[in-house]
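Both complexes below contain chain A, partnered by chain B and then by chain C.
So, the complex of A and B:
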């Protein structure tokens, strides 16, 4: 009989404790981010698709060594370069990334010895067409510079 | 006679408008309240504070196709949502909002409200049965066993109040509590009667009205994690809308009845500014508590639910009935 009543009272008390907690939460400030209207700044170690790094003149750091192309386990990267008449180094003429196959492993960024590629902070990627995820990184670099 | 009839018709129209407005904006209040408790802002895009959200939701519901699945019992399927909504609206007619604002005051007002409230269980049973869906049937069986289990302590508590005030007239019950908040039925030191268990009776009645409206933590009838959406699984469009409006109208009825029976109706606590706003203030405070409870507690099990009623609420309410009878005899 005693257990019956103590069960009722301890149960009722626990209900009031719970309601006290939600009462406090009700008057606490909101913590969510209103996504399309406000966005978070991505952290330094966030992995978006890769992007070319430019030097001071806006030219890509890339020397077309092809290490990233070889390092990629999914063959996402296709490079094109040429050596102009009289120049010492090769010049990048096309950097194509097939992001549909990329798993963001980072082997390309690790393998690069010329500080030419990095992860972007891009996370707003959505499309109904595959072609939208074939990026021309050289073109994107030019767009960023202009 | 014709004047009375006209009176009732006008009252029903006002009741429908009141119920619809309440249903719409209680959904908004519920969503905002839930969001605040979970530390989100809630609907805030459409209009200031998201206030245009309910009418837009209404437009969306009405614009949808009314789909009737192939194998259902068509007549019962269409009757059920109406039956969920109609008794709730009819109950509004007899509820006194103040000494002047009442659709049609009856001597058996409390009996009428309870009679209509028990028809709500019927609507759930019909909806579940006619849907020809095993989850709907399971849900309606749960809802009916729950409705029966919780009507008993609710009615016993109501009988206690009727014994104290000596009337089944809702207006009479309020008038018996006028003259300061210490005369309200919730407090034990009512003139000539020192029943220390009235607060417990209030709690029992409040818990029962939560269970009667099928709300969390007693929303086993529409336990979405187990039964899809319970009895309204097969309903879309305005059929679902009517169930929803019926639920919110029942919440308002439950809060109004609790206010009338225990909190002195439109009586103001200190004799200040008497009027209908005291009644509205009390019912919306109770409704806010309903929402608060819903977003605090997880759903109970069906055994826990029935045990709570049969092992705790019914004995406790019976004990208070006997105690009140004895006290009335002594004093």
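So, the complex of A and C:
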């Protein structure tokens, strides 16, 4: 009989202790960000998909050395370049990123010795079509410049 | 009109839990032979999320395989990366700057707390308590924010490099980590009051699913599962690596062998990890985070092994090299693979609700089992 009542009492006590803690949470400050109405700024080191860096004239820094292409574990990057008559360096004619295969490891950015690629801060990337994730980075750079 | 169904008293039925079931926390399938609510026999079936990480290890060059390790255990990714870089550094004879090793230890411990917090929330939710999950995730969020600012990613960090780190930590990180420690200690008191002392919680776990030290040894279980059964084994103490010998911390061991003991081990581990982080921040030396000269990875033919203590147990990685650009064989010994296989034998005769609580106490992460 005594065990019966002490069982009820300890159960009720346990309930009140728990309720007390959850009740206190009502008065703790709200920390939830109401996405998509509010958004946070991405951190400086956030790894989004890659983007080409341009020099002062708006031309890409890339010299088509192919280091990023080699470093990529999933072969996402395809480069195209040509050497115009009389020029010393190669000129980038196409930088294709297959973002469907990219896992954002950052090997490409790390392997680049010419400060030619960086991470973007983009994260709102949703689409129902696969083709939307095949990025022509050169075209994107031109669009940004214009 | 059909005849009424008659069940023979000795008849059992098969219950399929998973592969898509909230209680298994991933694509794990458990085929249970049931007698009413009691389990007669159970069989865990894996293979639904196999991604051939070991094969990828053979095909990719050493640096290219780095990011795969963060994708095995998505809750405690840094511990796995740590094992991989330590192995390659050992095999290739790369010196790691002291600062890098300290930052590795601090971030691994932060990640361990994050992993345990998520487990804590999910485990209590398995038992029917919802609010602790929200509180645990809020605390975990502070860690994820800290790690995101440093590594650039929230879960799949791929932060360590052979010989050092990808990025150095800044003052903001150190300040945030220092702020986090007292906050987490206050939260731990709250969790103990809210959950550990709760009568329903205790009655669901106390004496349930006892795992004898013999069965632990038989299946090679490690981590909190082994330490909840009185086996004092932690790779950080038993086979010290990195800068762990410099830290003063204890290995929590409980001898009750039940689900509650495994819970207590993990909760005590959070407190010990906080101690390590505190000491790491105090001792953090200056200097570089990468060796000055970056050399291409060249590994002499041979057999190499490195074990580390991750949030789930002892993770081992074995490399057989033939001197080439890629490994000849790369074996990943995942701790939960061994921990999970206990389940088949131990859950016989258990009520299904107890078995699900038991499964929660094993802290299974399916992509890590199925690597």
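As a convention for this text, the second predicted complex is superposed on the first by the 142 of 146 C-alpha atoms of A that agree within 3 Å, B and C clash if a C-alpha of one lies under 4 Å from a C-alpha of the other, contacts with A are read in each partner's own complex, and residues count from 1 in each chain.
Here is the rule we go by: a contact is a pair of C-beta atoms (placed from the backbone, for glycine too) under 8 Å apart; a residue touches a chain by one contact, two chains touch by 3 or more.
Computed from a predicted structure; not experimentally measured.
Of the two partner chains placed by superposition, only chain B is touched by A:26; chain C is not. In the superposition on chain A, A:18 makes contact with both chain B and chain C. After overlaying the two complexes on the shared chain, residue contacts for A:54 are found with neither chain B nor chain C. Residue contacts after overlaying the shared chain place A:10 against chain C, while chain B stays out of touching range. More residues of chain A lie in touch with C than with the remaining chain of the pair chain B and chain C. Once the two complexes are laid over each other on the shared chain, residue contacts for A:34 go to chain B alone; chain C is not touched.
When the two complexes are overlaid on their common chain A, residue A:103 makes contact with chain C while staying clear of chain B. Common to the chain B and chain C interfaces on chain A are residues 18, 21-22, 25, 31. Chain contact summary for the complex, chain A toward chain C: residues 10-11, 14, 17-18, 21-22, 25, 31, 43-47, 71-73, 103-107, 110, 119.
On chain B, the positions that touch chain A within their shared complex are 33, 35-41, 292-293, 295-297, 312. Residue ranges on chain C touching chain A, taken from their complex, read 60, 63-68, 71, 131, 135, 138, 141, 148-153, 156, 158, 166-167, 190, 193-194, 197-200.
Of all the residues in chain A, the ones that touch chain B in their complex are 8, 15, 18-19, 21-23, 25-32, 34.
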